[in-house]
Structure formats: structure tokens, C-alpha cells
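Listed below are the structures to be examined.
The two complexes that follow have chain A in common; it is paired with chain B in the first and with chain C in the second.
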Partner chain A sequence: MVFQQEGPDQPVVHNGTVHAPDAELAMLNARDVFVRRPEAVALWVVPADAIFTQTQEELAKAEPASQAASGLSDYYVFAKFSQQAQCRQVGQVQAGSPQAAVQAAIVTFADKQPLWWWVFPASAVLKNESSEAEPMFSAARYKTYKDQAEYPVVTMMRALRDKGRLD
Partner chain B sequence: MYGADVEQIAIQLNEDPQKLADFEARIARGEKIEPGDWMPAEYRRQLIRMISQHAHSEVVGMLPEGAWITKAPSLRRKLILLAKVQDEAGHGQYLYHAAETLGATREEMLDALLDGKAKYSSIFNYHTTTWADNGAIGWLVDGAAILNQTMLARCSYGPYSRAMVRICMEENFHRKQGQEMIILYSQGTPTQRAMVQDAITRWWWPTLMMFGPHDADSPNSGVLIRWGIKTRTNDELRQDFINQLVPDLQACGIVLPDPDLHYDEATGNWRTGAIDWDEFWAVLKGNGPANAERMAARRQAHADGHWVREAAAAYAVKNQNQ
Partner chain C sequence: MERAHQYALSGYLIALADDELILGHRDSEWTGHAPILEEDIAFANLALDEIGHAKLWYELAADLLGEDKVTYPDKLVYFREPAQFRNMQLVELPKGDWAFSTLRQYLFDAFEALRLEALSQSSYTPLAEIAARIRTEELYHLRHSQAWVPRLGLGTEESHARMQAALDALWPYAQGLAASLPGEQDLHAAGIVPSSAGLFERWSGEVSQFLVEAGLQVELRSPLADIDRNSHSEHLPALIHDLQSVARLDPEATW
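Entry: the complex of A and B
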């Protein structure tokens, strides 16, 4: 699973998936597939089987998970707030299992009412180093010819119709 | 069949009537169907068919233009073409991922393409014989694709619709760079004007065929529209395209290869002559000008990449064992 942050003040958002034999190649594929255009300041890749998801309906039926104090680890918490939206980061919790992490998230982020919760251990994530952000993402910023605004075809067509020639 | 009520359809498709009714109600409310949700087997089958064909089209679609990268007439055009072909590779990836969310595997989809069992857009089985063909592909072929994809961006299956939103944005760059090229050459030297006229003459009819058979001959349309996968018919999209393109191409001084083309005052539509469907079916069945060449190039590329896949897998295993 690929997550992308578009700016320093933006949340990290689920962007799609890539196939790769390991995290390092997943990162390279993710950059080529998802960041051919700006903007990105951070890219994360997480193995799909490390992500635990629960819908509101499933939560209603779920057994309470034991919050063992021993062996707590950091979990990232993501949530999907509408059918159309991408899953986005809401924060981080400490928990002993993915199930416990979802239940901790419900308490910690009680003001949020998502359709889905996604949690995964922080240790499962490969992120680009911040020093890599410039070489990884800035090249796309200068390739302005990839932007449709570079091609003034509407103005050109109007000139052809009005004057029978280009200006 | 697909105008029928939900109970009859449930019987014909061997689905639970209540589940099917709930599913159709969700679509009617404009909800997106997501990968884990219940869906009729036929919905899944149709989506895998469409999305994988679409993915194959993006991948094979790199070939006609890719051949011109080393022959681009300026550095600017070379950069544009490189970026465009790279985009098509990315679009293929988005779409294969979307199909995978429905349970299709990458391997079976790629094998189906390489074995010649899978379809892809018939348009890529024509040759690009001059540089101006790259402009014609951008303006006509990508322009036609955008109309179809703008519709699919609203489709009921979440992953497909989200892939389409991203693809449409990038395709607009593809269309406009092609349109800019055609406009400039159409106002250029006599040689450039002749090259553009020749390119449009060859690409016009195959582009109109891209929208698929007439509605009366389109076997899948009913169910696709009922379940919100398609929201408009082949003929509606084709008519929109014709209405957009004819006045613009004529303003460029280009003559379309259709003596029957005329404006219908009553409906406000441009009417074309009859489309040669024999040609369409022949190309689709593998007998177009470049089918064999395209498949040979795809197989060669896959074989040439074998060592890369093997090395990547071996490297991952080695790292895991450390």
C-alpha cells in the first residue's frame, strides 16, 4: 500500500498499491507510478498484510481487545470518512495488537466518526528519508510541460476561428 | 433482460434477491462499491473484463508512440513524448491494481494478454507512419479516450473511479499537446500541412470506432448501465466526440475523409457516413495492420524484463535471510 503526503501541513493519504518483492523496490515503484507529478513531500510503503481494517459495522460486533500493558508498540491510525474519500492519517496510538489499536483510536479520536479505521504498526512502514525528498520529488516540479495549462489550445482555436490565423 | 425488475434478474443470475436489491439501492443512492463489499458475480466479472482490457490498452498504447521518441523533431517534443509514454505505463499500473482489488491476479491478466486471449483497444493496431501521427493520436485518440474515461470516473466501483480521476487529469495533457501540434502544423509549411491532413485522414475513422459498436450491437451495455459502471452509451459518447472535433478540425483547414459528413440543423449534431464495422471486427479479431507486430513487441519486452524480475526477487530473498 502506498501513502503520500502532498505538503508539510497536509495529512498522509492512501494513494494506491504497487507490487514489489520488497519494501525498497515498492518505494521505487511507488515513486514512478504515483509521483510523476507534484506534489509530494513524503512517500510511505506498507505491506498490505500489515494493515488491519475495521468498518463501523464490524466494530459494533467486535469483542473488546485486551490492552496488555506489556509489549506495547506504536500504531499509525488512518480513517476513511466518506465513500468517495481516500483513507487519511488521523494520528498515532500505542497498543498491544491491531484490534487493540483500533479500540485505542476510537477513544483517542472520539470526535471522529469514520466509515473505516485502518491501523498498522509503525515498524511496518518504509518512509523516504527527509534528505531524499528533494531528489525524489523535485524533478517533477520543473517538468511544466506535463501540465495541460502549458498548451493554450483554446486561445489558439479562437484565433483561428476569428482571424483565420494564429497570432 | 436488464430493464427487468430485480427479482427476475436475481433468478437469471442466480443471486440472492435481497442482497441484489440492497446492492442496486446503494448504487441508486450514488454510493461507491468498495473491494470488500458484496457484489453480484456478474458485476465483478464485467469489471475485471473492462478494467483489464483498459489496462492492456494503456500498456500496448505505449508502442505506437514509443517508436517515435528517438525521432522527435525537437528536444521539447521529445520530453513531451517521453513523459506521455511514461504516463501510459503508469495508467496501466493504476488499472491493473484496480482489477486486482476484484480478485484478478497480475499474472493471469498479463498471461491473457501475452497469450493473445485478452482484448485491448483496436486503435493501437494501426501504424504510426509519420511524426504528425503523434499529434493525431493525442488530439483524436486521447480525446476520445477522455470522453469515455470522464464517464468512468463517475462509475459505481470505487477503485476504478478513483483511478479514472487521476488518469483523466493526465490525459488532458496528452490531448492538448497533440492538439497544439496539429494546430501549429496545420498553419505551417505546405509539407507540414500535407502531413497533418494525411494523419487525420488515416486516424479519423479508427478513432470513431474506438467508442465500440452501435448501441443496438453492444451486448454488455445494458447491465453496465444498470449497475452504474457506464452511465452513457457508445453512440452518445461518439456523437459528443464528433460534435466537438469536426468544427475544430475544419477551423484548422483539415478536410475529413467523409463525403457524407454534414451538420443536422434539427438536432444540432454533426452526422457522419456509415462506419466500416467489418474493419473494426477484423482488427479486433487480430487482423489489423499491426496486431502481430504489437503482440511480438509486448512479448519481447516481457521476455527482456525476465532477468530484472528474477534479480529483484532473489535480492528480496537474500535480504530477508540476513
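Entry: the complex of A and C
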């Protein structure tokens, strides 16, 4: 799963998925697929199976998770607030399991009413190093490009065909 | 800058640009054909970047020659004959299998990283500025091709065999990186460009070690006899024909 931050004051949001045999190639693929044109200041990749999701419906039926204090680790908390919205970062909690992380998120972010919660351990994330940011993201900022629609190619090819120079 | 240096530098830059253009064209041939979608997109990106770098060098050459920055690059790309191109043979070889293209990209990127580092220290500021800008992107290219070499070299029996075959085929052509570019001697003496032979020595050491660590055997072959940029393989004319065919249909067209 690929997460992207478009600017320093923007939340990290879920952007899509790439296939890759390992984290480093996932990071490179994520850069090529998602941030060549749009702005980005940070890119994260997380193995899809490290992400635990729960919808409001699932939460209503779920057993309360044990909040045992032993073996706590950091979890990133993301939430999706509408079907159209991207899943975005709301914060971080400490918990002993993904289920417990969702329970902790509900308490910590009591003002939020998302459709879905997504949590994953911070240790499962590969983030771009800040030293890599310039080579990874600068192309998108400095490059000018012409929208496809601005090229008069179709009209030109038609004119050439009419002149009998293309068959 | 002295007039003689201006002229020499324009020839040097056109050779550099030709390398980027031809390699970019070969990379673009993977569009729609790469082994996975993500690499298809990656190679299309590489192709666009390389061709973008070519454009920057052609434009600087145009400036030095007092030519128009907009029309001169197109004139060079679309209306020269194959024999007038000054790219090295390494970049014009057909794309081969994906191991071949990935390894070629690595060999070239690793050299470019060194050359651009040196060019960004050039005493000629416009050249140093463009080199610094291109280098940023090339560092990403190098990271991409560098990631694949050991994964393929140490991957499966098939990926290893394909990488070794690619290396055996590419290595003699890669020796061409040691050859001076047009005008290089005078420009180097003036502190404007680095010596290719000097860069090659560093490249050779770094790359050989990396390839060995990727499970590949590096043969220390003697250089090709024909490594200067005035001679080309039989593959270049067909590539140039493809590249120029649309532009030549209607030379007056506005795109």
C-alpha cells in the first residue's frame, strides 16, 4: 500500500497499491507510479497484509480487545471519512495488537467518526529518507508538460491523410 | 568563454545529448512491453527523463553556437543523418531482454553519476547549473537500476543466466565510456569538463565490485577497437528512421 504526503502541512493519505517483491522496490515503484507528476514531500510503503482495517459495522460486532500493557508498540492510525475521501492519517497510538490499536484510536480520537479505521505498526512502514526526497520528487516540480489535449495531433494526422501522404 | 571553447563545448554537449536521446529512445521501446506494469511505467519515466536531459544539452549547445534554442534541437534530432549522430554504441544496441536493458541502464547511470558530479563543478557556470539539475534525476535512475542488478543477478537460475549473458554482451561496448568526447582535451585543460579516462577508472572499480557482489563474472576484456563516436553499429540507422519518420512526413508542421 502506498501513502503520500503532498506538502509539509498536509496529512499522509493512502494513494494506491503497487506490486513488489520487497520494500525497496515497492518504494521505487510507488515513486514511479504515483509521484512523477503530483507534488509529494514524503512517500510511505506498507505491506498490504500489515494493515488492519475495521468498519463501524465490524466494530459494533467485535469483542473488546485486551488492553494488556505488556509489549506495546507504535501504530499509525488512518481513517476514511466518506466513500469518496482518501484514507488519511489521524495520528498514532500505542497498543499490544492491531485490534487494541483500533480501540485505543476510538478513545484517543473520540471526536472522529470515520467509516473505517486503518491501523498498522510503525515498524512495518518504509518511509523515504529525507536525503532521497530531492531525487525522488523534484522531477514533478521542475518539469513542464503539455496536456495531451493541447497537441493538435489528431487534426494534423487527418490533414496529412487527406493530402494522401499517410495510408 | 573563448570562441574556440564555445565551439568545442557545443560539439561535446551534442555528443552527450545524443547519448541521452538514443538511450531514451531505447527505453521508450519498453512502453507496453515491460515484464510488470510498474516497470513499464518506470521505463517510460526513464525514457522521458533521458530525452529531457538531451533537450537541455541541445539547448545549451544552441546557445553556444548562437542558434535558436527552440528550433535547433529539433533540427539536430529530426534532420541529421545517422552518420552525423555522436552517441556511443552502447546506447544504440537493441533493447534486448529486460536484463539487458536494465544492466545497460545501470552501467550508463553509474558513469553519468560520476560525470555529472564533475560537470556540476565546471568553471563554465551555465554547464555546472544544468549538470546539477540533471544529476538530481540521475541519482534516482541509478537507485532504480542499482536495485535491480543484484536482485536479478542473485535471483533465479534464469535471471542470473540472462544477466550474465547481458553483461558479456555489454561489457566490450561499455569500455567506450573511457573514450574522449569531441573537444574534450582542450575543454578539460581549461577546467570546463572532466577527463573521461579519469572517470572511467573510478567507474570501472566501483562497477566491477558491484557486479561481482551481484553474483556476476566480470571479464577483463580489451576495449573494442571501434569505440570512437564517429562509428556506429548497423542498429542506429533503423532507430533513427523510426525516430524521424513522423517529423520528416511534414517538416513544416507545428506540434
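Note that in this section the second predicted complex is superposed on the first by the 145 of 167 C-alpha atoms of A that agree within 3 Å, B and C clash if a C-alpha of one lies under 4 Å from a C-alpha of the other, contacts with A are read in each partner's own complex, and residues count from 1 in each chain.
Definition applied: contacts are C-beta pairs under 8 Å (C-beta built on N, C-alpha and C of every residue); 3 or more make two chains touch, one makes a residue touch a chain.
None of these values were measured; they are calculated from a predicted model.
Student: On the A-aligned overlay, A:H14 touches which partner chain: chain B = first, chain C = second, or both, or neither?
Tutor: neither
Student: Under the stated touch criterion, which partner chain does A:E134 make contact with: chain B (first), chain C (second), both, or neither?
Tutor: second
Student: Tell me which partner A:R88 touches in the superposition: chain B (first), chain C (second), both or neither.
Tutor: A:R88: touches no partner chain.
Student: Counting only touches as set out at the top, which of chain B and chain C does A:R161 meet: first, second, both, neither?
Tutor: Only chain B is touched by A:R161; chain C is not.
Student: Quick check for you: in the superposed arrangement, does A:R37 touch first (chain B), second (chain C), both or neither?
Tutor: first
Student: Overlap the chain B and chain C contact sets on chain A and report the shared residues.
Tutor: The answer is residues 18-21, 25, 29, 32-33, 36, 143, 151-153, 156, 160, 165-166 of chain A.
Student: Which stretch or stretches of chain B touch chain A in the complex?
Tutor: Chain B residues touching chain A: 31-32, 34, 76, 79-80, 83, 86-87, 90, 93-94, 97, 100, 106, 158, 162-163, 169-170, 172-173, 175-177, 179-180, 183-184, 187, 248, 251-252, 312-313, 315-317, 319-320.
Student: Given the complex with chain C, which residues does chain A contribute to the contact?
Tutor: Touch list, chain A to chain C: 18-21, 24-25, 28-29, 31-33, 36, 132, 134-136, 138-139, 142-143, 151-153, 156, 160, 165-166.
Student: Could you please specify the touching residues of chain A with respect to chain B in the complex?
Tutor: Residues 16-22, 25, 29, 32-34, 36-37, 83-84, 86, 143, 145-148, 150-153, 156-157, 160-161, 165-166 of chain A touch chain B in their complex.
Student: Help me check something: in the complex, which residues belonging to chain C touch chain A?
Tutor: Checking each residue of chain C against chain A gives 36-39, 41-42, 45, 49, 52, 133, 136-137, 139-140, 143-144, 147, 151, 249-250, 253-255.
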